[in-house]
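Next come two complexes, and both contain chain A; in the first it sits with chain B, in the second with chain C.
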Partner chain A sequence: MDQGPSRRRIRMLLIFVAIVVIAMVVQLIRVQFGPYAPAFAAIEEIVAEQVDKVEPTRGLIYDRDGRVLASNVPLYYLEVEVRQLTEVSKKQIAAVLSQILILPFDDLYGQLSYEWVDEGQLRIRLTREISGGNRWPITVDQTVADVLKGFLADPEAPDLSGMSLVPAPSRTYPAGSLAGHVIGFVNQKGKGYFGIEGYYDDWLVGRSITIERGYIPLEARLRPDPPAGVNLVLTIDLDIQQMVEDILEEAIEGDKAESGQVIVMDPRNGEILAMAIWPPLDPNNYEPWLPPEERLEEEVSEDEEEPVINPAVAGQYEPGSTFKVVTMAAALDAGVVTPDEEFIDTGHIEVGGHTIRNWDGSAWGPQTMLGCLEHSLNVCLAYVSSEKLGASLFYEYLRAFGIGKVTGIDLAGEVSGQLRTPRHPDWTESDLGTNSFGQGVSVTPIQLVSAVGAIANHGVMVQPHVVLEVVGPDGVYWPKTTVLGQPVSRETAETLTEMLSQSLSGETNFAHVVGYQLAGKTGTAQIPGEFGYDPRWTVASFVGWGPVREPEFLVFVRLDKPETSPWGSVVAAPVFREIVERLVIMLEIPPDAVYEGWNTGD
Partner chain B sequence: MRHRFQAFKQAPWRVQVRLTSGSMLPLIALLIVGGMYLAVNARHARAGRQVLNLQGQQADLVRYNAELGATLAELTSPERMYQRALDLGFRPAYASEIEYILIEDYVEPPPFIAPRPPASANPGEGTLSPAYTETLGEWLLRWLGW
Partner chain C sequence: MTINLKPTASIQGSSSQRRLTLGFDPWLLVLVAALMAFGLVMVYSASWDVSWRLHNDPNAIFMSQLGHLGLGLIVMLVAAWSHIDWLRRLAPILILIALGALLAVLLVNVGSAHRRSFLGGSIQPSELAKLALIIYLAVWMESKGERLEDMGYGFWPLIMIMGIVGGLILIQPDLSAGLTIGLISVTLFFLAGARVLQVLVMAFGGGTLALLVVRLTQTGQERWHEFIGGLVDLEEASYHVQQSLQAFYSGGIVGRGLGASRGKFGFLPAPHTDSIFAVVGEELGLLGAMLVLTLFCLFLWRGFRIAMSSSVILETLLAGGITFWIGIEALINMSVLLGLLPFAGNALPFFSYGGSSLVTTLAGVGILLNLSRRTPEKIDVRGSIATLGIGRRHRRRRVSRLSSRRRTRQEG
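Then we have the complex of A and B:
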């Protein structure tokens, strides 16, 4: 039997197998130990295991009824893998982007044609020129991204080879400038500034994590989610906020005022229902409000004043006559005066060598303490602080009311105001007289709201706050009402409320709301400057609360430099009335007569 | 011994076949194991690709959802709703037009509770069937009951 062919076939098969095995071994040795071994090792390092940084979603912000105030939407950066570009795709990418985004073709083409590889850059992010020759990454929204994605997927469309869309979260504020100062904003780097965004930045941002994923072989493993930022529900009622902002804007325009603020608070628990600031801040266009160090030099002009972010918590001013509420509360609580106590007003009083006069310069003759408040007599209140209370007791009460201290409201940027006490080297005895009617002492609107809120809340002062609910991965947390103290007794607070209710009707009719008994006080403050008080301008304000039977709201109104009239009773009180007329409807507070009818069974 | 020598002389290919098959068998066994390993790895890689694709889809959906949420919030902002109400012929009520009715045992609606942050729905490491993650050795040990 001839076995020749069979043997040859077996031999050939063995030789073939041997060649294949030897080739594989040689290739393995070459990869592992050959001259290209470091290059292969580097590729393996890059590809075999990639480290990804996973950013959590920034927490959302809602109003108290669940309407979204701050949300996240995707923006896309345009990135290019330069090695994938062809001469055609360079031109077509530049042409498409210049058409859609209205950007100069030459600038885009220049970026695409630059020899990035020589500089070791294989992937670039396309940028656009902004003022002063600076460049900023180009971002496109979802609509433009969808168009570009369509081009990338369509072989008939312009050749965009090499370009990719890289999503990046961006903050959006659906209500626009509504409550903008309360919310604050987030810059392009994801950092929160001012308001809630600034104060709760660490909570909202969550925590990014890095994960390592093997790509050779591709790991079948779910990606762990990074700890997300918390969602916040605010005490703000967006309907009330809108109403208040509309009325404030009308007042600013009508009275030709420079700026203004309105705060609406529930004095029982310190919940801020609305905080309107003019001029408004649009968090979607936050660049003008960035701190100078964050802005480009050429955008900051030399004569430009730095804007005060949320003047309701950071804008100090001399409160004027609204401060008389605090002085009278102190005197009543200390028992040094009674509502009916008589004072003979001669039109002037000297305290510490400084002569104090009334707002109209006239003498009002015999007045009760009620009359002093009703006619807003500076002389009477200076008499109460200097002759009745004395410095020690007076400043002790001011401290108890939180004057000169931050309230601790959960909004970024709060300042403490300025209160000079006898321990201060610059304090003089005349301060005792002027401080009694709100001169020589500076407060922030929120401080005054907090202090006067104590009178409205039967003597108990609560901390104003803006966050109602914190919802984190572990559950829901409701911050409790923080009691800051009880500067005056319940009886004092109720007596003063009654006095201010009566005096209000005598002081100004502009704050009267039909059907509701309210209490309040006007304020007209001069503005201190480098060379004393400015004779041209005032700060007109009003603080009031109601209904007196059981206060549910406190409204503070401040208008800076009104042109039509300098008086708080003329320009600020009508704003208060207009707000309260809407507020009682929105808060479903029945008129006094209806309420009494329910209680008496009629 | 003599018979075997004689057999070799008569049919030497028998011994060669035996030798060849003897050396090929381990190679074939190795190839089979290698093939199985490759098949499992391929399945693993395919599953990994699917996971990546699904994660990409999930991210797209989350983005789309956020976009819709923002649009909805914009469309229902108080300013727009107020304008729509005015366009429909409504106007704000005056206090004198409102009648208050006392309802005994009225229960106020519960306060709004925000949804939990979406990313926290799946905290920590992901959970996948061990079928996708266990090694051949682990599978063998499990199969052998060790």
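Then we have the complex of A and C:
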């Protein structure tokens, strides 16, 4: 029949089809059970193991009146779900981003085209190149993010499928450089550096949680909120801080000093009311302050001195005459001298083979202990420490005052200073003499503030601190005042305060504030260098407190390398006065006369 | 109108079954219904995410496919109840329309890289061209009869027709549709009784051409390279194939469950069109994939059976061509997704979302159903005088009009 050949040929076709179908069945089974099954299983596993780390929002930082010092702004990383990219979207993403962010197209396209899946990475964060061949994640602000989100939602817009915006940690400091050294900063990766941000990093960060990444709608579920970081209320009073910083800046400019620090503390409880540092640090532009190894851009000059962040806790210096307060407190408390005890100043004294002279090199003749402090006589203090106190007692007192130890203030980067005790192999007897007036011993400003604070607070030394309240998700915590010890008795402290008060009013004094009885001591320290003391530069400082009737504030002023005058009494004391004049108003401390009127009036 | 209007053959079956299936092949009806239903379910499952992304409505693509299905069913019914004879007159018009559409799509989309469709992808003339070519070639080959073996009458004109249609599609460029056209033409030529040598020459020539295209175009080269790599080492396969195989693997034996595919959410390219078989594999597993394969195998068997049972050469060619076309599209699509063929953009008939594909497929199915109605129920009775007689008588009438065809009246 004529259809014969056709039928045969159709049967041949059927056989051909059957072969193809058998091949397909074999392949279906091969995929499932063949030698490549483990490879597929591995990819399944990679997919299943993808987790997201959800970072909680970083805690905020407030001043003691609730003004925001540090908060968060929305910033986004650009992340790419590699397997969702298409050839079109790779090009479009690279094109759009290179246009908006002014980045090289080829670099972006290269990242998008890279075979990430081979490395087990299904999701990448787009980076940009920074100098030195390093790469850094691209971040976009809210404006750009809105544009990109619009593109993602609009089918007509460029095809960006595969890209997503992930909130990035980013910090903003509304007060700018105000109290910048106290606050510290947070880098792009969300790690806190220095100051409060560094010290309380763990608390502020909160706990990040990891969740399985649900990247398909079927796996969408409620994202649990990670436990947020705590908010911190600082003891810093922004008004006082601002006032102090203004005055410090003025003084720095007026005296052509290189740098300076001012600390205002309440000696009763150790609350730091203000801590001003020059040069200032703006946490919003923290880049130059990063440790060199963390820095993005290579700095131009390598031999440039590293700036010290918050030298009030991290910068040690030889305190000079302000240290005499501690020596005298020790001598008085040990009962080896009395305020009225006389000393014949011959202008020099030899301690351990080292001759010590006064600041002006002259002999001041007979002086009481009060006079010794008032005129800041090195010879007298060296005599007190070496002849009266003796090494063991002297250093015992220094240790009780916390010299050479960290105070434990809640700011990152505190250093301990340097105190060589007789046990130290490098200690020589001459140290006993020089240490008495603040040479050969290094302290940090906060250490001195803490030690002198003990005198102001009737002999009780409290730990300085910066955080007033910790506001966590579970409640509020007020750190208690930590008493570090009582290096001297109440009587000693009050006697010494009285002496320093007299010495202050006795001088035609730059530190005198009308209406208030204050106590304080100037200091002019030389700067030790590689080859002994540098003859040109000094550190001019002043530490004072008041009102003497019941001290409510302690102010420490330090100016480094002033050009107009090397003396603490000329450079630092007026800064103290200016600050206290305003401080008493801000703290609403009545003048002595008014105060006595209240107490005797009724 | 004409004699074959009321096919006597159909009266031979049991009358109750005839009434139920309106005279159509019950197997084919059930198969097509199953394929359509299955396909519709899978389109919904595979498309909602894409649909939501593209149209902000998870149902948009599904609803559109429902519309295509409605249109397709109408076309199918019309085709099923029309006279096959009309196709003889319709064939030149159809092929002209198809050629016009192919030309138009090139002209309308001048300047763009892909010139395959009208109205943003909704109408693809190449699908229409495939069906039109089958009908035209069937009519043409029948009219040529034995002279088909003659190079000048059969071989070269066929090359011409094939070259024009295929060429227009190739320059869209749509490699896979072009090659499919070639494959279908050669197969029809083969079924029409051409000399094996000529078929081999054509197949060889086509193969060389295909190789040339593959070698010369960048897409072709890439795909070939990926294919060869992937055949040996599945991990070397192209991204698309890897994703597809991953989907099959993660489906396991019984699948993740209907609707539970993960690949369709952006990892598997074109989940609702070209890759829908992989979605089936992931959601319904090895068993689901085998079910799809089985359905198409049954369809092929049924279609070829209809072709074999007809003694009219046109009917054999039409049924064989259409069955082969639908079957080969399906097999190519599935083979590609399994990494057995270089990448090709063939749709999976009944399953892949797409109006042109579904409507033309259903039109083809309509013709197939039409043919099934007029073929004897039992293939065993193929030698019966009545069947042959009717066929022959009917044929002779057409033949006299259409000129030169001569048939040997040998018993098969």
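Following the convention adopted for this analysis, the second predicted complex is superposed on the first by the 439 of 602 C-alpha atoms of A that agree within 3 Å, B and C clash if a C-alpha of one lies under 4 Å from a C-alpha of the other, contacts with A are read in each partner's own complex, and residues count from 1 in each chain.
Definition applied: contacts are C-beta pairs under 8 Å (C-beta built on N, C-alpha and C of every residue); 3 or more make two chains touch, one makes a residue touch a chain.
Computed from a predicted model, the values in this text were never measured in an experiment.
*Asks:* I'd like to know which partner A:Asn509 touches here: chain B for first, chain C for second, both or neither.
*Replies:* Neither chain B nor chain C is touched by A:Asn509.
*Asks:* Looking at A:Ala23 after the superposition, I want to know if it touches chain B, chain C, both of them or none. Which is it: first, second, both, neither?
*Replies:* After superposing on A, A:Ala23 lies in contact with chain C but is clear of chain B.
*Asks:* After superposing on the shared chain, does chain C or chain B touch more chain A residues?
*Replies:* Chain A has more residues touched by B than by the other partner.
*Asks:* On the A-aligned overlay, A:Gln121 touches which partner chain: chain B = first, chain C = second, or both, or neither?
*Replies:* Neither partner.
*Asks:* Touching A:Ser6, do we find chain B (first), chain C (second), both, or neither?
*Replies:* Once the two structures are laid over each other on A, A:Ser6 reaches both partners.
*Asks:* Just chain B (first), just chain C (second), both, or neither: which does A:Thr564 touch?
*Replies:* After superposition on chain A, A:Thr564 lies in contact with neither partner.
*Asks:* By the touch definition at the top of the document, which applies to A:Pro591: first (chain B), second (chain C), both, or neither?
*Replies:* Touch partner of A:Pro591: chain B, not chain C.
*Asks:* A:Pro167 contacts which: chain B (first), chain C (second), both, neither?
*Replies:* So A:Pro167 only meets chain B here.
*Asks:* Quick check on the output: what are the common chain A residues between the chain B footprint and the chain C footprint?
*Replies:* In the superposed arrangement, which is not itself an observed complex, chain A uses residues 1, 3, 6-7, 10, 14, 17, 217-218 for both chain B and chain C.
*Asks:* Which residues, counting only chain A, touch chain C once they are in their complex?
*Replies:* Going by the criterion above, the answer is residues 1-7, 9-10, 13-14, 17, 20-21, 23-25, 27-29, 31-32, 34, 36-37, 39-41, 43-44, 47, 81, 83-84, 86, 155, 161-162, 215-218.
*Asks:* Which of the residues in chain A come into contact with chain B in the complex?
*Replies:* 1, 3, 6-7, 10, 14, 17, 56-57, 59-60, 62, 64-68, 71-74, 142, 167, 172, 174-176, 178, 206, 217-233, 238-239, 241-242, 468-469, 471-473, 475-476, 513-515, 581-582, 584-585, 588, 590-591, 594, 598
*Asks:* Using the touch definition from the top, list the residues of chain B that touch chain A in their complex.
*Replies:* 11-13, 16, 20, 27, 41, 44-45, 47-52, 55, 59, 62-64, 66-67, 69-70, 72-74, 76-79, 82, 92-93, 95-96, 98, 100, 102, 111-128, 132-133
*Asks:* Which of the residues in chain C come into contact with chain A in the complex?
*Replies:* Answer in residue numbers: 49, 53-56, 187, 190-193, 233-235, 243, 245-246, 248-250, 252-253, 260, 262, 265-267, 269, 281, 286, 289-290, 293, 297, 300-301, 304, 307-308, 310-311, 313, 316, 320, 324, 327, 331, 334-335, 338-340, 382-383, 388, 407-412.
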